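The following pair of complexes shares a single chain, subunit A, combined with subunit B in the former and subunit C in the latter.
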Partner chain A sequence: MRRATALARAALLIAAGAAVVLASGIEARVPRPAHDTPKGERCVENTEFMRRNHMKLLVHQRDRTVREGVRTKAHSLANCVDCHAGATTRSVIARGPDGSEGFCAGCHAYVGVTLDCFECHAATPRAAATAAAEERP
Partner chain B sequence: MSTASLVFAALFYAAVAVLVGGLAWRIRLYARTPAPLRIPTTPAPRTRGGVALRLAREVALFESLFKGGVWLWLFAWLFHAGLALVLLRHLRYFVEPVWAWLAFVVPLGVYAGFAMLAGLAGLWVRRVAVERVRYISTPSDHLMLALLVAIGLSGFAMKYLAHTDVVAVKAFFLGLMRLDPQPLPADPVLWLHLSLVAALMLVFPFSKLLHAPGLFFSPSRNQPDDSRERRHLAAWAAPLDSHR
Partner chain C sequence: MTDRRDDVDAGRRQFVGWGVAMAGATLAPGVMLFDLAHGRAPEAPAPRGVRWGMLVDATRCAPDCNACIVACAKEHGLPDGKRSTDAQWIRKVELKDLRSGRALGAPVMCQHCAKPPCVDVCPTGASFKRADGIVLVDRHTCIGCRYCMLACPYQARSFVHEPVVNPQPDVPRGKGCVESCTLCVHRIDRDRAPACVEACAAAGHRALVFGDLNDPGSEIAKRVASYATAPLRPGLGLDPGVRYHGI
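And now, the complex of A and B:
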């Protein structure tokens, strides 16, 4: 029992030490994926939902399109790419000269998740979207 | 930063402190416990190299368990091998960038998770269905299985039912490691999963899970069978010996 008390005291000491270090305001930057801000006002769903469930939407869309033959636009991968391609790279997977990562590839690499979409699908916007982007000043 | 994020940050600092400090204390205790006799279970290796190999087989293949009974070995090995891969899968939340070999292992961790739960289910069924095992089972045996199963199920719930923001989760843990707490996503299943894992870390140094470090200190496994070649004399017994 005495040992357990000593242990609890040691744990408290370490926690207190950590708190002191935190309070002293050590600047330690936490790495996060960096990518360009996508164009447009808002995504097809809200951001919190998309961060958690975009893959479900894409698989659902694949099933609807490929297996059931229903082709809709709401959650189409090509539409994702049109808005989310990098400003200079025009791609969702390529790394930009300024060190920015592709909108998809950055986070997927960050958490070690495979990204198979672009083995077949284009990672760059369709011609119409590219033309529209170039027309803008 | 939400209160919940700070509570979880504090919880994990405390859990790591207890796990590391507790294990160090236990291992020190095991290392200082005298082994008065040469008692390797024979047939035993006759050299230190052979002992290292024997322990390696125990760790990787659970040799003794296999000799004890195939069913227990099967479920235990399935669980532990699964757990090892699942832990590797979770390593991605703690290293940045994710190493190439780790990115290869990450998807395998999902299958390993199923193997882990299958092993746990087998171990639990054994505890209930085999009468002589049920007779010696204590509440802590069942609670430990329940805790591990709950951790696995809550993990799978996030994989397949209620996803969380894994990028934010990684930022949270990288933040902890850099003493720069980051917000944790407000997802109930994630909170449940992390609370259960913290509970596991907290009870580890006070539970049967100590068989992990304990294996290396088992005299019947870690001693060479060389009592003919070298006299085994425990340090505390030496003075007694000289007076005889």
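And now, the complex of A and C:
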């Protein structure tokens, strides 16, 4: 029994070592996206939760809003954009002049996941979008 | 609507026209054109008992005015309508009685039917009617088949052919989906009247009245109860939420 535990511990150590090596390899090949997000002290949920579950919150909120007319702010896409738009670009998908990436687009490109929201939704906060619309001829 | 120009109709139109002129003169000035004292909380869903509707008073609609169309385009970030493929949520239809020469125009948009054919035919469930009677397209499920456009007897729906630039935050739109008048659902949910209604009042015509048809105390319900109004193509039995006076 003791021997089995020791073996398991060794296996775990080897696996962890391999993971570190792999992770550092990825770090070297693909730089982590740099964001430039000025607003807000903290997000509507904690960061770890949002990293894994933001898409679930958005899909849930989208159906509640479109189908039932519920327009709460916390989990709405427009609210995400209001805080997470870049300081200079005022966008969550545009790349900034300093090389910073849009908050949404940068991370989605990093993990290789498609980002369809902004095919239709505004990627700029309300105020900026309204200004752009008024400039349009 | 524009094709019915036979003699029987001409006489009828003339008669209706006189009635309309009298009714128009007796309308009280300074009345509220919409009342939205519902005060729904953001977390509350659209209420089931409400039936949002609009009354178009064709006798007050000025022939050279397109304030409602301009306001709609600005509110929703629609293109200017110069291209034949541009989406059109509201349009003005001109009627002319050939015998008498009497002409009038009225805006036509999605009529927000109680029994909407677009919802019946939609293969994905993207076309739907909200609890408060507003007919919408859920673009997340719309596959752009355009079956609803064929089914709509009012030709109220448009297909987005071109890529959309700078969509409004409250009005997401994209190429490949069908869309139509939403009765400014994003405004209604925040207790504001549709953009076209506000623009018409600002232009001084007050030809559009918006409100809850089910609330007997609302301006629209009082008007519908007090003078002759009719939906477009009533024979279809679709029970539209948009009603017309003076056509």
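Couple of notes before you dig in:
Note that in this section the second predicted complex is superposed on the first by the 95 of 137 C-alpha atoms of A that agree within 3 Å, B and C clash if a C-alpha of one lies under 4 Å from a C-alpha of the other, contacts with A are read in each partner's own complex, and residues count from 1 in each chain.
Going forward, a residue touches a chain if its C-beta (ideal position, glycine included) is under 8 Å from a C-beta of that chain, and two chains touch if they have at least 3 such contacts.
These numbers come from a predicted model, not from an experiment.
Of the two partner chains placed around the shared chain by superposition, subunit C is the only one that A:V81 touches, whereas subunit B remains out of contact. In the superposition on chain A, A:R126 makes contact with subunit C only, while subunit B stays out of contact range. Contacts of A:R51 after superposition: subunit B is touched, whereas subunit C is not reached.
Once the two complexes are laid over each other on the shared chain, residue contacts for A:E68 go to subunit C alone; subunit B is not touched. By the touch criterion defined above, A:G96 lies against neither subunit B nor subunit C after alignment on the C-alpha atoms of chain A.
Within subunit A, no residue touches subunit B in one complex and subunit C in the other. Touching subunit B in their complex are the following residues of subunit A: 3-4, 7, 10-11, 14-15, 18, 21-22, 26-33, 48, 51-53, 56, 107, 109-114. Listing the residues of subunit C that touch subunit A in their complex gives 42-46, 74, 77, 128, 130-132, 136, 138-140, 164, 166-170, 172-175, 177, 185-186, 188-190.
Within the complex, the subunit B residues that touch subunit A are 10, 13-14, 17-18, 21-22, 25, 92-93, 96-98, 102-103, 106-107, 163-168, 170-171, 174-175, 178-182, 205-206. Per the touch definition, subunit A reaches subunit C in the complex via residues 62-64, 66-73, 78, 81, 119-122, 124-126, 129-130, 132-133, 136.
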